[in-house]
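Notes for the one structure printed next.
Chain IDs A, B and C follow the sequence of writing; residue 1 opens each chain.
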Amino acid sequence: MIAPGALEDIKVLDISQGIAGPFAAKILADFGADVIKVEPLTGDYGRTMAPFHKDDPDIEKSLFFLLLNLNKRGITLNLETSTGQKIFKELVAKCDVVVESFEPGYLDSLGLGYAELEKINPQIVLTSITWFGQTGPYSNYKGEEIVAYAMSGIMSISGTADREPLKHGGFQSQYESGINGALSTAFTLLMRDFTNEGQHVDVSIQEVVNSTLVVNQPFYSWTGAVQGRRRSEGAGFGNVMPCADGYFISQPGGGATWDDIVDFYGDEVLREEKFANAEQRVQNGVEFDQVLTEATKDRKMHEMFKSASEDYRMLFGIVQTPEDLANCPQLEARNFYEEVDHPIIGKIKVPFRLFNMSETPSQYRIPSPTLGQHNVEVYTETLNYSKEDLVKLRELEII
Amino acid sequence: MSDKALDNIRVLDISDDISGAYCTKYLADYGADVIKIEKPNKGNSTRHMGPFFHDEPDTEKSLLYFYLNCNKRSITLDISDKSGQKILIELLNNVDVFVENFQPGYLEEIGLSYEELQQQFPELIIMSLSPFGQFGPRSHFKGNDLIYYAMSGIMHISGAYGKPPLKHGHPQSYYMAGMTAAYTITSALFSKSITNTGQHIDVSLQEVVASHHYNGPTRYTYTGAIEARATKVEGSSFKGIKFEGIVKAKDGYIGASSQQGRQRPLFSNYAEMLDIPELNDKKFSTATDRIDNADELDKILLPKLEEWNKYDYFDKTMSDGWVTGVVQTPEDLLKCPQLGDREYFIEVEHPVIGKITIPGEIFKLPNCPWQFARTAPLLGQHNTEIYCEELNYSKNDVVLLKQGGII
Amino acid sequence: MDDLLKGLRVLDSTTMVAMPTATHILADMGAEVIKIENHTAPRSEGGGIFPDNKPGSNFWNRDGLFHTLQRSKLDITLNLRSDEGQEAFKDLASLSDVIIENNRAGSMGRLGLDYEEIKKIKPDIIYISNTGFGYTGPWKQYAGIGRMFELTCGLSQFTGYTDEGPRRVGAAFYDVPVGWTAVFAIMSALLHRQKTGEGQWIDFSMYQIGVSTIGDKILDFVANKRNGHVMGNAHEYYAPHNIYPTKGEDKWIAIGTENDSQWFTLCEIMENPEWCLRDEFSDSFSRHKNREDLDLLISEWTTSQDNHELSDILQSKGIPAGPIMNSKDLLFDQHMNDRGFYEQITHNSSDNIGKQIYSGRAWKMSNAQSKIRRPGPGMGEHNEQVLSELLGYDTDIIDDFYDLGIIADQPINQRSSSNPPSLEKLKEDGTITDFDTDYKTSLGLE
C-alpha cells in the first residue's frame, strides 16, 4: 500500500536544468508532490551528463539524469516562443510551485518573471536556485562547481598548506543547494497556509556552501584570524591516511579514551608523553604520522572501521568507494536504495532515501521521464489541448 | 557479385530538410551506404513534423521522417563547433558523396568552403541544395515550398479562371528537388568512375519547380503570348489541356478524359461508351464546337458522369483505350489492385512504431533491386558504430564528446 | 571542362513528355542520343505552339514544345514494322549502351525488339521500358498521361480551393519527375554494369514513381486512418503563410513565415497596425487557428503594394517571400538569367525559326559542362549520318530505304496542322492573358 505523501496536494513545475534545481524538485516529488518536469525540446542539458548506462551516450541513458529526476512526469515546452510562454502561464495557473535555475533576468526577459507569475497565480511559490542569487553585483556572473567552491571560502581551507587549494570531487555544492531549495520551498508552502500568498524564494549556491562553514567563519569575526589549510604532514589526525587497501581518518573523542585509541592502533609508543595531548601530537606530528602509518599498513579499512566503531567506540571513518557504498550493509538495512525500472535503461538500483518519516515516508513511484513522455497526458488532461493541437504544437516547435 | 546498384557508394548526408532526405532515400533504397548527420539531441527537423504515429509527437514517431529515412544510419554531430568540424573532415575522408542544404555561404563561414573541400577531396561529389542556388542576386534569399511554387510559373497557371493562383496541397517541391539531386549525383558518379573527377553540384529548388513547366517559356518565346490561369470555360469539355478538369463521380472524383494520348479515340465512341446519344449532336462534333458549346455539353455530360462509380468509369474508359484518371485517396492506393499486383507495399517493423505497411519499390531494377535493408534510424543510433568502429574513437571519447555537446 | 556523359550512346525510341525529358537531359550532359522516330505517326510532343503562331509548311519541324523536349538529340526515322527497320534497330542496339522506349506493354516484343531479343545481340544492354502503370498487373494496358497522374497518384486529393473539390495544376506535373527518375535508374544500372558487366531490363511504372512522393500521406492513413483534404494554399501549421493580392490585375505575393521573429518583423514592415497586437495573433499556434481572419487583414495591406518590391523588402529582412511569377516574368528575371537557366540557340535554317530560348536544367556542376548541344532535329535529319557513319550502310541501301518508306525525312500520312487560334481569340477565351508583339527584340532573338 502506498502511504500518503507529505506534499500530496502540491503541484510543481520544474523548469530547472542540471543538478541543483532538479534535485530540489526531486526531493519534493519523493515526498508526494506531483512534479512536472518542463524541458526544452532538446532536453535538460543534464541528459548529456555522464555516467551513461553501459557508456552509451544517449539522452535517455544518463544515469546522473535518472537519479536527479525520479518521480517526475516530463513534458517539453519551448519557453522562447510566444505560444510556449502562453502555455506556461496556463500551467502556472494550476500549480503551486515553480522551480527554476536560469540566469537571473532570463525569465523576466520572457515575460515569465515572478511579478508576472504572481499576477496569474498569487499563491505561486517561485524557487530560484542560481550560482550567486538574484541580486547583487555577481548575480549575472557565470557559475560552475569550481567557482562556487572557490567563492564560498571552502576551497581556501581544503587541501594542504604546502599546495594549491582543493575542491571537492563530484558536485556537492549543487546537491547541497538542491536540498536548500527543497527545504526553503517547504517552509514557504507552510507559510502560505497562513498567509495564502506565494513568495519568490532566492537560493544562492555560493551562499549555501558558505553557510556550511559555521565553524570556520567565526575565526575571523571573533579573533581576526584567517584560517588556512592543514599541514600535509603532522596535522595530528587531521589528514586522511593510507592503510592496506584504502584510506582512513580518525580523531579523538566520541567516547573513546586515549588508552582505547592506543589499544586500537596497537603501538605502545603512542602512550608516551610526546603524544599525550592534541598540541603535542601536532608538535610531534611527523613522527605521529609515521607511527600510525606503520601501525595500519597491513590492516584493511573495513576491518578497522568495524573494530574501531564496535570495540573501541572511536570516531573513525574510511574512504568508501562507490562499490563499498553499493554493498554497504547499513544502507541496505535502512532501505536507502530503491530498485527503479526505467523504460530504456531497465532495472537498476539507485540511492534514494534521504531520511525517514514515520507517517509520510519518501516513496519511489515512477522512473525519470523520457523526453516529452507525458506530453499527451499533461497537455490533454491538465490543460485542454487535443491530440491534433499537440501535433501542430510539435510542428511549430513549441513542444 | 554485388547485388545492389550503389552498394560501393558511401554518402554523408548532413541535410536537414525533405529534399536532401528524399535524394538520399533514392540512393539508399538502391544500395548506397547513407550516413545521416543530425543535430545532437534534436535531430532532423523532419522528426518533428507530422503525421505522427497515433498523433503522438515524438522524435521517433514521425511517419514523415520514417518514410524518408529507411535504409540509412544516423549519427549526431554539431559542426558549428570546431571539434565537430574536425570530425566532419575525418568522416569525409571516406565518402563518395556529401549532401548538404545549408544557407549558401554558411560552410565557407565556418572554414569549410567548397574550394577547400574540393582541394582536400578531389574525387568527392558535393551536392548543395538551396532555395535559389549558390550564386545570383537571390542566392541569400529564404525559401520554402510556397515560395518555390509562386516563383516557378506553375501557380500562375493553376486554379480556376478568376480565382487566386493555386499550388499543390502537398510540398512536392522538396521531393522533386530530391529526385534532381539523385539523378545528378548518380550521373556524376558514373562519370567519375571513368574520369576520377569530383563535382560540386548546385541545385536551386526554385529552378527545380520551374522546370516542371517546360512549355511556359515556349509560348512566350515563340509567340509573345502570356498564358493564363484557365480558360473561362471549365468542366469536362474536351478541348486541350485546360479542359482536363476533375469532375464528380458517384463516389468520388474522376478526370473524365484527356485529349492527348496516341489513339485519340473519337468523341462519337465516347458518346456510345457512356450511352449518351445526345452527345452525337452536330454542335459537339469538333473540338472547336465543343468549346463553343461547352456549357451545354457540361449540362448533358456532367450529371451522367455522376452516375458512374469512379472505378467503373476508370476501368471501362482505360480498357477502351482512353486516358482518364481517378482521384485516389491514400486508402484507395493501399487497396489498389495494380499496386498490389506489383507488390508495391511492404510490411516492415520499427523499434518504436512496431509493424507497419509502407510504400516500397519505386522502380524495378531486377539485377540490383530496390531494397529494404533497415528501418529508419533512432537519433544517433549509430554513433558508437561509426565513431568507435570506423573512426577509432574509444567509448570514453564518445562519452566526452556527448557531454561536450559535440555529438 | 569535360562532358559528363561523353562516350555514352542512347537509343531513344520514345514519345510524349516523360522519357523525352530523360533523354534530353542525357543529351545535354553529353551523351549521344539517337532519337528513333516513326514517320508514319504524328509527332506526339507537339502542342501547337509555332513561331509567330504560324505553323508553316514543315510544321512538324516548327513546334515549340517539340523543340523544348527534343533538343540536343540526333534524329533518324525507322519504320519498325518492316524487317529492314527492325534490323537497323538491332544494328544500332549492338553499338549502344542504353535503350529507352515507352510503347504499350508488349509492343516491342511483337516487333522482336524487346529486351530478351536485344540482349542476344548486346548482352549488357540497359533497356528501360516506361509505361503508365508497369508491364504487369491488371492495369498494364492502361495508358498513362502526366495530367491524369496527379489524380491517380493521389496528389489531387490534397489540392484545390477549400470551398471546392480536388484540382490539378495547370502543367502536366508528373511527366518531368518521371523523366528525372529514369535518368537516375539508367545511371544506377550503368554503375551496376561497371561492377558486374551486367545490363538489365528496367520496368518503369510512372504510377509508382508518383505515388512514392506522397508516402507520408499514405502512412497517415496506415497509422491514423486519415485520408486528408484540400488545403488551398495554406500551410498545415504555419501562419501567416499564404498568397496575398497585390497592386495590379491578377498580381499576388507569396509570404511564407515560419516563426515568431518573422511575424514580428512583418508587423514592423506593415507599420504595426493595431490589429497585429490582438491576442488571437500574438503567438504562432493562435495565428494558425485564426489564419483566415489574419489572411484577410494582411490582404487589405498588400493590395496597395507592388509584389516584386514587397518581396525584396521582406527578403531583405529575412522573411521568405516571392511574387507569383508567370513565364514571361521568369524569362526576364535577373536572377534566372545571371544563373544561365535559359539558353539561346539557333535553329536549322530550313525550319525558319531563327534564334530561340529554352530552359536549361535546374542545376550546375563545377567540373562538367551541360548545355543544349543542338536545336531540336528535323524529322530524319540524321538518317544519313547515323546509318552510314555509324552503321556503315552504303548510299544505295539508304536510298532504297527512302523508297520503301523504311526511313523518311518528313512525315507520311500526317494530317495538316490546322491553323492555331489567333492570339486575339486565345486572349478572348482566356487561354492567354495577353501577348506582346515586340517579344523577339526584348528577348534578344533578333
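Odds and ends about this structure:
Here is the rule we go by: contacts are C-beta pairs under 8 Å (C-beta built on N, C-alpha and C of every residue); 3 or more make two chains touch, one makes a residue touch a chain.
Only a predicted model underlies this, so the values are computations on that prediction, with no experimental measurement involved.
Contact analysis places B-C first among chain pairs (by count of C-beta pairs in contact).
Here the chain at the heart of the shown protein, by mean C-alpha position, is B. Most remote chain with respect to chain B, judged by CA-atom centres, is A. With centres set at the average Cα position, the gap from chain B to chain C is 14 Å. Averaged C-alpha coordinates put the centre of chain A at 66 Å from the centre of chain C. Measuring from the averaged C-alpha position of chain A to that of chain B gives a distance of 52 Å. Multi-chain contact residues, meaning those touching two or more other chains, occur in chain C at positions 236. For chain B, residues that reach two or more other chains under the stated contact definition are 50-51, 55.
Multi-chain contact residues of chain A, defined as those touching 2 or more other chains: 393, 395, 397. Across the complex, chain C is touched by residues 81-83, 85-86, 389, 392-393, 395-398 of chain A. Residues of chain C that touch chain A in their complex: 236-238, 259-260, 282-286, 288. Contact residues on chain B toward chain A in their complex (touch as defined above): 40-42, 48-52, 55-59, 380, 383-384, 395-396, 398-403, 405, 407. Of all the residues in chain A, the ones that touch chain B in their complex are 41-43, 47-52, 55-59, 371-372, 375-376, 387-388, 390-391, 393-395, 397, 399.
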